[in-house]
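All chains are identified by letter, namely A, B, C, D, E and F, in their written order; residue positions are counted from 1 within each chain.
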Amino acid sequence: MKGELTVTDSERARILVEALPYFRKYHGRTVVVKYGGAAMTEPGLRDQVMQDIVLMQTVGLSPILVHGGGPEVSEAMKKVGKEPVFVRGLRVTDEETVRIAEMVLAGPTNKGIVTLIHRHGGRAVGLSGKDGNLLVARRMEVDGADLGFVGDVDEINPHIIETLVGGGYVPVICSIAVGRGGETYNVNADHVAGFLAAELKAEKLLLLTDVRGILRDVKDPNSLISELTAAEARALIANGSVDRGMIPKVESCLKAIEGGVPRAHILDGRAPHSILTELFTDHGIGTMVIP
Amino acid sequence: MKGELTVTDSERARILVEALPYFRKYHGRTVVVKYGGAAMTEPGLRDQVMQDIVLMQTVGLSPILVHGGGPEVSEAMKKVGKEPVFVRGLRVTDEETVRIAEMVLAGPTNKGIVTLIHRHGGRAVGLSGKDGNLLVARRMEVDGADLGFVGDVDEINPHIIETLVGGGYVPVICSIAVGRGGETYNVNADHVAGFLAAELKAEKLLLLTDVRGILRDVKDPNSLISELTAAEARALIANGSVDRGMIPKVESCLKAIEGGVPRAHILDGRAPHSILTELFTDHGIGTMVIP
Amino acid sequence: MKGELTVTDSERARILVEALPYFRKYHGRTVVVKYGGAAMTEPGLRDQVMQDIVLMQTVGLSPILVHGGGPEVSEAMKKVGKEPVFVRGLRVTDEETVRIAEMVLAGPTNKGIVTLIHRHGGRAVGLSGKDGNLLVARRMEVDGADLGFVGDVDEINPHIIETLVGGGYVPVICSIAVGRGGETYNVNADHVAGFLAAELKAEKLLLLTDVRGILRDVKDPNSLISELTAAEARALIANGSVDRGMIPKVESCLKAIEGGVPRAHILDGRAPHSILTELFTDHGIGTMVIP
Amino acid sequence: MKGELTVTDSERARILVEALPYFRKYHGRTVVVKYGGAAMTEPGLRDQVMQDIVLMQTVGLSPILVHGGGPEVSEAMKKVGKEPVFVRGLRVTDEETVRIAEMVLAGPTNKGIVTLIHRHGGRAVGLSGKDGNLLVARRMEVDGADLGFVGDVDEINPHIIETLVGGGYVPVICSIAVGRGGETYNVNADHVAGFLAAELKAEKLLLLTDVRGILRDVKDPNSLISELTAAEARALIANGSVDRGMIPKVESCLKAIEGGVPRAHILDGRAPHSILTELFTDHGIGTMVIP
Amino acid sequence: MKGELTVTDSERARILVEALPYFRKYHGRTVVVKYGGAAMTEPGLRDQVMQDIVLMQTVGLSPILVHGGGPEVSEAMKKVGKEPVFVRGLRVTDEETVRIAEMVLAGPTNKGIVTLIHRHGGRAVGLSGKDGNLLVARRMEVDGADLGFVGDVDEINPHIIETLVGGGYVPVICSIAVGRGGETYNVNADHVAGFLAAELKAEKLLLLTDVRGILRDVKDPNSLISELTAAEARALIANGSVDRGMIPKVESCLKAIEGGVPRAHILDGRAPHSILTELFTDHGIGTMVIP
Amino acid sequence: MKGELTVTDSERARILVEALPYFRKYHGRTVVVKYGGAAMTEPGLRDQVMQDIVLMQTVGLSPILVHGGGPEVSEAMKKVGKEPVFVRGLRVTDEETVRIAEMVLAGPTNKGIVTLIHRHGGRAVGLSGKDGNLLVARRMEVDGADLGFVGDVDEINPHIIETLVGGGYVPVICSIAVGRGGETYNVNADHVAGFLAAELKAEKLLLLTDVRGILRDVKDPNSLISELTAAEARALIANGSVDRGMIPKVESCLKAIEGGVPRAHILDGRAPHSILTELFTDHGIGTMVIP
């Protein structure tokens, strides 16, 4: 609070009171947050996201965190002398690679997030898709290419999520799934988040990205679309106006919307406290997808 | 929010986050608020107090409101041609007067507060001390003077409070008690608040007044005492340094502290959002009595 | 029991046993009682009603009391020099009048009933329609006449009733409702009782009146109708054979019956223990309305 | 009700109301009833006891019935040509005799009581001491005499009682116990009742007998003792003033009192509705033993 | 375990592990066992059945035992000089006979089973159809013949079963039912078992018999039918290929299957641990009836 | 079951029945299993342990698994070119090493165990000490040597264990703890198991090792001590007769015993189904430490 003397106590109180209608609106609701990008790598932003998560939990929401960790996996591969190979934006994933992915994602990445939530006063438990058989996947079919242990989630068993939320914990889920034969799959975290939001009948899906949202014209940063319907989103993908990196995020939103989630948001995770701003002020930020 | 453009969304979020440790600290705790003075008569302050109460409830505290309403009672007496008489600061209360007091306090005053809480999105139920036999009183003994139906609470049955809190309601309690023969007593709301805080093992007692707190020198408004122990408070009363009007408030704090409440506060109800400021910022305001 | 030596212990026991099938029949059921008339003003009858209510609660029923208090309101108005004015049997209710009505009904009238129930060993809590937003009304539409704050209840939020019954309390409800803007309305207690009985899926509605029931010929006190269907009741009103004062009572019964209550009774509250007699003996008394 | 026109409805209601304080007093309490004598063999009395039991259950008490059935056992023995032999008032019980006792007591006697309770609108389940290992006995030691399978209960496992009471059933228990080797014992029903009352922390023990109570002078039927302390009762036994048949009943009362039961009663089961009269009127009848 | 040195510890563990999938499959399911024949009269087999029942309960199943006891009833009749008479395989049952049947079945037979279950470490409660009004019957209609108190169950009130299972007890039910007028009926235990299995939505019905199962050719002991559909079973009865003694057992299976029980088994109760073998190994034994 | 024709169905049933008393004895009890050694690296043994765990869960015990994974960590270090260094048997653990340890243990090792339990029909969730703040450690003090991120657990927060067990999951816990500043510590899995067993008031602690138990003479494999008291165990350590590798296991047993666990066992994990053999047969194996 040091050095920010301009905000008086009464302004402070007023701001809390202005958040009140939003606290009430989301009370008892589930919000799935896909965590990634700068918000995950930048220490300052990282702390802010965790504060946002703990605040959500404190005022009565049930936040669920989903994360991947592509850069950390690539870095770990390089340490053992493996060069990451991508085909159509998907990592070719042999047995050693998927083992490294599991080590990184279910290990330091997942547990680091859990620890940060505790440091900010919350309670969390980290999960991979193997825990409680949460995420069951089959090998992704990509015509022509053999990508190895890249999977598509096709079954979700949410009982462990409900057990943890009931026990007062924020579930933190990494994008590792289990195959029907017990094998390990690397899956897309955006997809997992959308699928989970649908399965849990979440009130909202929030995807933290490193862009401002969906642009009408990819080259024009001022062409942000603040709201679009699922149909419009599908059309944008179909006519090629969505940036490749953005496609899984838009698909994630669509999966959520189709599953009954009323609103899915693509947020700029580089902005401070973007989650709180979206949830608890009347400023819509980023792009909101609606049914 | 109009016209207050100086607070950006991110400052707003930061302010919420700064309140987080306080939200967590008081989560699930009971806070008894003695409501009165300007905060009860000034419409703007009234709305602020109710917002504060609803915010408390939303972020997981259990607020309990206690109120009297001397001026309203006097006014109603005058309407029927009765002149209020006071002996040593206590209203002489014949049968008609206590009936008027009950009409006013359990009627429009109590139900008006309940309605305001609903308007701000909360849920409340108004009670007199007769409901569920909550406050049982006997005739106050004042040497020499017969004050009539002025009572001292000597039994509290808090089960109805627990029932309402368990059902999600803010109990709003007026300072009318029941005698063992079923008769009606006017009781001091400050005393009720202190007694209730002790009985309910509250985390805090907050008394809203029209002064800044306890002054070391009654004539010097800059001599505010921000913290004093129960022993010190007792000494101040004993040596006559406490203003007559302040005495029941200090006694209320002492009753709470003796009953195990860790902190009791005399707050300036004329300041905006004084409850939130006390609870959810690191600014102590007014006078805090500690064991 | 003094002076009533004619009833031996074994007759006494036999009478309890004869009540047994009725105790069993109503076990766990809700019975809404509209309280008023002589049963409310006559001390002896008043005590009997309260004994009946406490007995109901003790043997496992859930009694709900609804009351108005027209005479008390008129008397209080006169004290402040206001003359009651009625148009078509409805009190013209300006702002001061509705404030007086709230003072009287939610104050001494309501709390007096609560206290009597406690005195007879029961537990009760008094409510106005503002508590827990129980009774929400809009301004009654009467062609031509402006009656002021006379309302029609059009929304009931029974959660507070369930909370109190679950906590072991008899809810005692006065006929004051809240408008959508927070304003106060005087509403008809008979209507409230019928509406509540329907909303709570009560087993019975009992209306205590000062007549023996509905008469086939208003001038012939021996023409009591002991049972009639809702259709017959509607016909009686339509062809003008129902006394004006009786109309809201019959409407109350109809509202209950239409809402699924199997039986609604108009009882003579001047008879001793008319509630127990109706419920726990095989004597039907008064007029019973059935679907 | 036929032919008893002298009791008006209002007298009827008054009598119910006079029972109210007793209903409230015993609400939720356990009452152990030792059933036997004329109340068990006389059809009219039998029905009355069962009505009393069902009424107790209906108004919220937990009645527990214990019964023996000596005459029925003797009769069944005679049918197979066995002559009952008694030593010091105790039946000599060989293996065939204990088998006959179990057949009679756990069979038609026990199930007949259960059926009667159902017929009067209650719900009951019959138990022997073998069910749920309720009554564990060892061979009674009688100096000199070998009485065979006559046992002393020395362990009670009340869990099955709690399960049945929790399920809404009246447990009906016959005086057959199980030995540690699985053998069958005939035990004294009076003793079982006293032991059970102590174990269940009952509010009362009621023993139905064929006498008016304990007499100060066995030969003078007018010398009924209405109240005596446990010490006095012990003294009466010691100095031989208690009739042999009455001894186990007094011992049963003592066992209950020593186990914390506040009051144990020896009632005249030949009087109509003696249980209700004792419980729900202010007439004490029979002999009451207090600590 | 002495003298069986051939089974090593690790074989022992392996065998437990092989039972694991069956434990899991039946976890939380209800299995109705009709107990009778050699398994009831042979001490060695009797112990084995009880061990099987206790094991079922321990690994999380809910076993329900139903038994009759024809031979014991006949023997008791002879003791009092009554000669059993059968018409079309049904015992002619006058009032004395049904009383004897109740004595035997609800007495030593039922309580003996309960005691054995306790001896093997389980917990059980014996019931007749009168307890909790479990089995309500009407007089069986047999053209021409008056069989007396032989009944057909036509109403089951399973609440007492649920209460006991919820309390951790194995219900042991004898084939005595109650008539609507409170009279006692002897009913067929096979039928009761099938009816109960249907009512309780059991996972399985197991009928212990003294044969290997249903034979295709009654004279050829090698013609065991291991599986047949309900339709086939009905056809077998229709064309007279089912042995008279077997008919009620097949009818019992049909009643269960029609009520939604997936599998009903006629087992050879003379084989050791036939229940465990059927449930917890992959050996089907006896005859299984399926929908 | 192929090729093991010597075990008949009835022997199979008998073996189940012989396990019954053990099933009952441990029903509802917590058993902490330290998993490691050959039982963790040998696929055949691994499957057997998991079957044992799932069987425990199925018959009503609450197994808790704790594991380390030293060899896997060393192997992963070598892959990135780091040579493991040990001081007094403890791994020198710099920041990169502890990160690798977390990757391996919380990643594939932990999740592999979880997956195996699911494959055998159970349900499990993997945890590190960071999840729910389960294991809080401080830097181990070793005189002279700086071992880096090697920690001693000094606080256990078992709420997450209770949440998972309540939800029907087997908790699988790796030996990674969190420091008070959020840093990662490698901790000794034997110690964690002993500490947890004490904290959870476990019925038993089972340590799977690659030896037969504690030997009286380290060089004589036939000198197995089957039972010793805590005092004796302490003496053995003090006089140097315990092998260095065995010391943490004995300390783990002592920690459990001191915390109230009645029995702690050092088992030979190389034997098939050693857990089941210990729990469910009357063969004690390995070394049992008692208070």
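The working rule: a contact is a pair of C-beta atoms (placed from the backbone, for glycine too) under 8 Å apart; a residue touches a chain by one contact, two chains touch by 3 or more.
Because the structure is a prediction, the values reported are computed rather than measured.
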item	value
Both-way neighbours, i.e. chains that touch chain F and touch chain E	none
Graph separation of chain A and chain E (steps between touching chains)	2
Most distant chain from chain D by Cα centroid	A
Option in C-D, B-C or A-F whose residue-number contact pairs overlap E-F by over half	C-D
Chain A on chain F, rotation in degrees - Cα superposition, rounded to nearest 5	180
Rounded Å distance between chain C and chain F, as computed from the means of their C-alpha atoms	69
Separation of chain D from chain F, taking each centre as the mean of its C-alpha atoms, in whole Å	57
Distance from chain B to chain A - Cα centre to Cα centre, in angstrom	45
Junction residues of chain B - those touching two or more other chains	none
Arrangement of touching chains [line / ring / star / complete / other]	ring
Chain A partner contacts - residues on chain F that touch it in the complex	76, 79-80, 99, 102-108, 110-111, 114-116, 118-119, 123-128, 130-133, 159-160, 163-164, 166-167, 169, 176, 178, 182, 184
Interfacial residue positions of chain B with respect to chain A in the complex	1, 4, 6-7, 9-21, 23-24, 27, 48, 51-52, 54-55, 58-60, 120-121, 271-273, 276-277, 280-283, 285
